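One structure below.
Letters are used for the chains, namely A, B, C and D, taken in the order the chains are written, and counting of residues starts over at 1 for each.
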Amino acid sequence: MNSQKIKYPLILVNFKAYREATGSNALRLAKIAEEVHNETGVCVSLAPQFCDIRLLAEEVTLPIFAQHVDPISFGGFTGSVLPDAIKEAGATGTLINHSERQLKISEIAEAIRISKELGLTTVACANSESVSAALAALGPEIISIEPPQLIGTGIAVSKAQPQLVSGTIKTAKSVNESVHILCGAGITSGEDVAAALRLGSEGVLLASGLVKAKDPRIVLLDMTRAVTSRKGV
Amino acid sequence: MNSQKIKYPLILVNFKAYREATGSNALRLAKIAEEVHNETGVCVSLAPQFCDIRLLAEEVTLPIFAQHVDPISFGGFTGSVLPDAIKEAGATGTLINHSERQLKISEIAEAIRISKELGLTTVACANSESVSAALAALGPEIISIEPPQLIGTGIAVSKAQPQLVSGTIKTAKSVNESVHILCGAGITSGEDVAAALRLGSEGVLLASGLVKAKDPRIVLLDMTRAVTSRKGV
Amino acid sequence: MNSQKIKYPLILVNFKAYREATGSNALRLAKIAEEVHNETGVCVSLAPQFCDIRLLAEEVTLPIFAQHVDPISFGGFTGSVLPDAIKEAGATGTLINHSERQLKISEIAEAIRISKELGLTTVACANSESVSAALAALGPEIISIEPPQLIGTGIAVSKAQPQLVSGTIKTAKSVNESVHILCGAGITSGEDVAAALRLGSEGVLLASGLVKAKDPRIVLLDMTRAVTSRKGV
Amino acid sequence: MNSQKIKYPLILVNFKAYREATGSNALRLAKIAEEVHNETGVCVSLAPQFCDIRLLAEEVTLPIFAQHVDPISFGGFTGSVLPDAIKEAGATGTLINHSERQLKISEIAEAIRISKELGLTTVACANSESVSAALAALGPEIISIEPPQLIGTGIAVSKAQPQLVSGTIKTAKSVNESVHILCGAGITSGEDVAAALRLGSEGVLLASGLVKAKDPRIVLLDMTRAVTSRKGV
């Protein structure tokens, strides 16, 4: 059972609906991530599909995130994702408002409120500096800034738009100083992670850069090294 | 592992996001349903929340349905429900277009097509006779007719609107004669199930009538008796 | 005031949100269409933006369609498109479920029902043969078949996918024999219109092919000639 | 043609899809509002349905708002509400994210950005204090705070939840000090308006309280008196 706390810098891996990260492939990838964590001590968290949450939460010790929750409590909601259910399945947190699963603003506010009441760590996703500031006002623990046009491109936001990352951190913290900022979109290497951390973010949210890598272990080790070498400074 | 085929008449239980049917409660309810099936031979299927699909598919032999799938194949779809993933988790089928999780018509067509290609049994939900006919044209294996105003009321559609059930069967079969019709909304007793079968439906889709019953075993036994006594005729 | 009835073959022009067809440009384009109609007798209808419906309905005699309606009657619906309102503004009909403004199936059923009660001509849009059959079951006066991948390409559905058009006509009419079929997507010339009519459709739904043409009058005249020369046969 | 500037305190009347405020009824109501404005000098603005915007903008001198805009510029967007189009039709501003027409947060950000570029006054609607703060970060000129549970009840937010109004003003202005705050939901009388202004809001957004009043002129006069008597203080 996963018992780990979230630590920063954080490497959060979104499994999306990729074949390489579904079902038994998800478990295989999670085991690799767990080994890299055990070797390096860097906090690696995983966001698998809903029906793989329990499997991963039972089989690895890493923190597990849902990719989305609906702003609901127990009741007559067919086909929705109940925060209580993902928590009981073993999740320690959830993404909210990923650019591929956006919500209305009142739904984001409610999803954050309900998730926090349950002790789930909330990662609200933003596509711009002003949206980051708006999300900060809703009180998530973490904001991940991801320009949609860079998602899946291999062009790292931390290198292509450094001012977006540093500006977002400043603006979001001016609204809510306790919020943590991750940097997403296009992260594929340790160098991208290092750039993200240098700009002041406290970690990365990534997906295809790791999930679809030829050798995910090597890529993840490279990324953790960017974290540990910085810590050593 | 669930290995059962769907048989008609079918009792399909939608767990929704009810507390009584989430996580360990879902498993407890599934075990009761399995026992009733073993005693009576009536086909009972269960539609738990996404993150409980694998748990139930591993622990009981009944057919397990997802409550919804998105019209997608493997790829970059954060927070979506991938048909391939629910199948690998052990589902044998899925609800589509439940009144609490409605889809655009092109999404329904695509969700049915993808699910069928994977061998998943599709249950498309309709709220009226004309929508039933429209869904029949999209080729699901099963259509469930549920007037939204009766859902959760305890007023059985098979008794409150008998002409809706019989009319729907006729109209839907005129468009697609191989489609099976379930009758949903307000089903709480064996008497309701018997009424549904008399009208020509091949089973029921129910939720709170069983999930929130004081003694689900007694209610489900009563419902299966309506099936077996009819079969005896 | 527009007093014309819809006649087949029908050339229905969707103004979308194109600059060339907004506000005073919409009126200019409508005047050209009216002149071509007056010269040729071919039924040309226009679907401008909501806030241009009244302007066009007052200034030209052609039938005016809304691009969308919501499935509502009078009430507390902020930001929705009320069928009663577009009718009072002068519309004679409406598109429903255009691929750029898709609806849930129960909403389509209700939007068609409400519009028909008000005497509005309904044009339901489909992206495939099976969706066309499904829509036919919901009773619109017209179905327009538009493969989304051809919209705006200049590759006419009537030439690229002739079997889609003829197959759709057959399938949709087997469900509802009184429905009229238009053929959309990629229509840019009289030749495309002629191909559409030869395949058995009763007209075309087009947009950029006319709206963004260098000389819309010449293009529209060419299209009407395809209609009149066919009628002469 | 409407040439008025927005002035505070502002009385903004949402016509929704009410029968009493559609088409010719909308015009009749607008004429009454114009007379009351002319008599009292209080700024009264009107938000009619899309297809009535041009009619009202041509016939009365009051500022006209759209009830919603989509976050788009000119292009292939069927059934959407183009900010450029409502501006050309005569609107001076628009509601955004009304509780009956909510948007994703990235859409709100974009709709505000596009509208402001066109010189349209933006009124972003919030259902809670935290959502108000979030919206403030997106830079609208006005935020209207409306608890959905009070809409249409006749229970004024300014009296039922005074701390919501004053708290919202404080929180929203801490994020964006130039934003103006309106108070919506349940406003039916001059007394409600007076309460709203005493709490620090700069006006009201109301709908049924005026639109469905037996004598809208008397109600509106009463409301404007609450404004003028306060100004006199």
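Here is the rule we go by: a contact is a pair of C-beta atoms (placed from the backbone, for glycine too) under 8 Å apart; a residue touches a chain by one contact, two chains touch by 3 or more.
This one's a predicted model, so the numbers in the text were calculated from it and none came from an experiment.
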{"item": "Same or different contact residues where subunit C meets its copy subunit B, judged by the half mark", "value": "same"}
{"item": "Cα-centroid distance, subunit C relative to subunit D, in whole angstrom", "value": "34"}
{"item": "Distance between chain centroids, defined by C-alpha means - subunit A, subunit C (Å)", "value": "45"}
{"item": "Touching two or more other chains - residue numbers and ranges from subunit D", "value": "99"}
{"item": "Chain-level touch network, classified as line, ring, star, complete or other", "value": "ring"}
{"item": "Of subunit B, residues touching subunit C in the complex", "value": "97, 99, 102-106, 108-109, 127-128, 130-131, 133-139, 171, 175"}
{"item": "In the complex with subunit B, residue positions of subunit A that touch it", "value": "14, 16-19, 22-24, 47, 49-55, 66-68, 72, 74-82, 84-86, 88-89, 95, 98-101, 151-152, 207-208"}
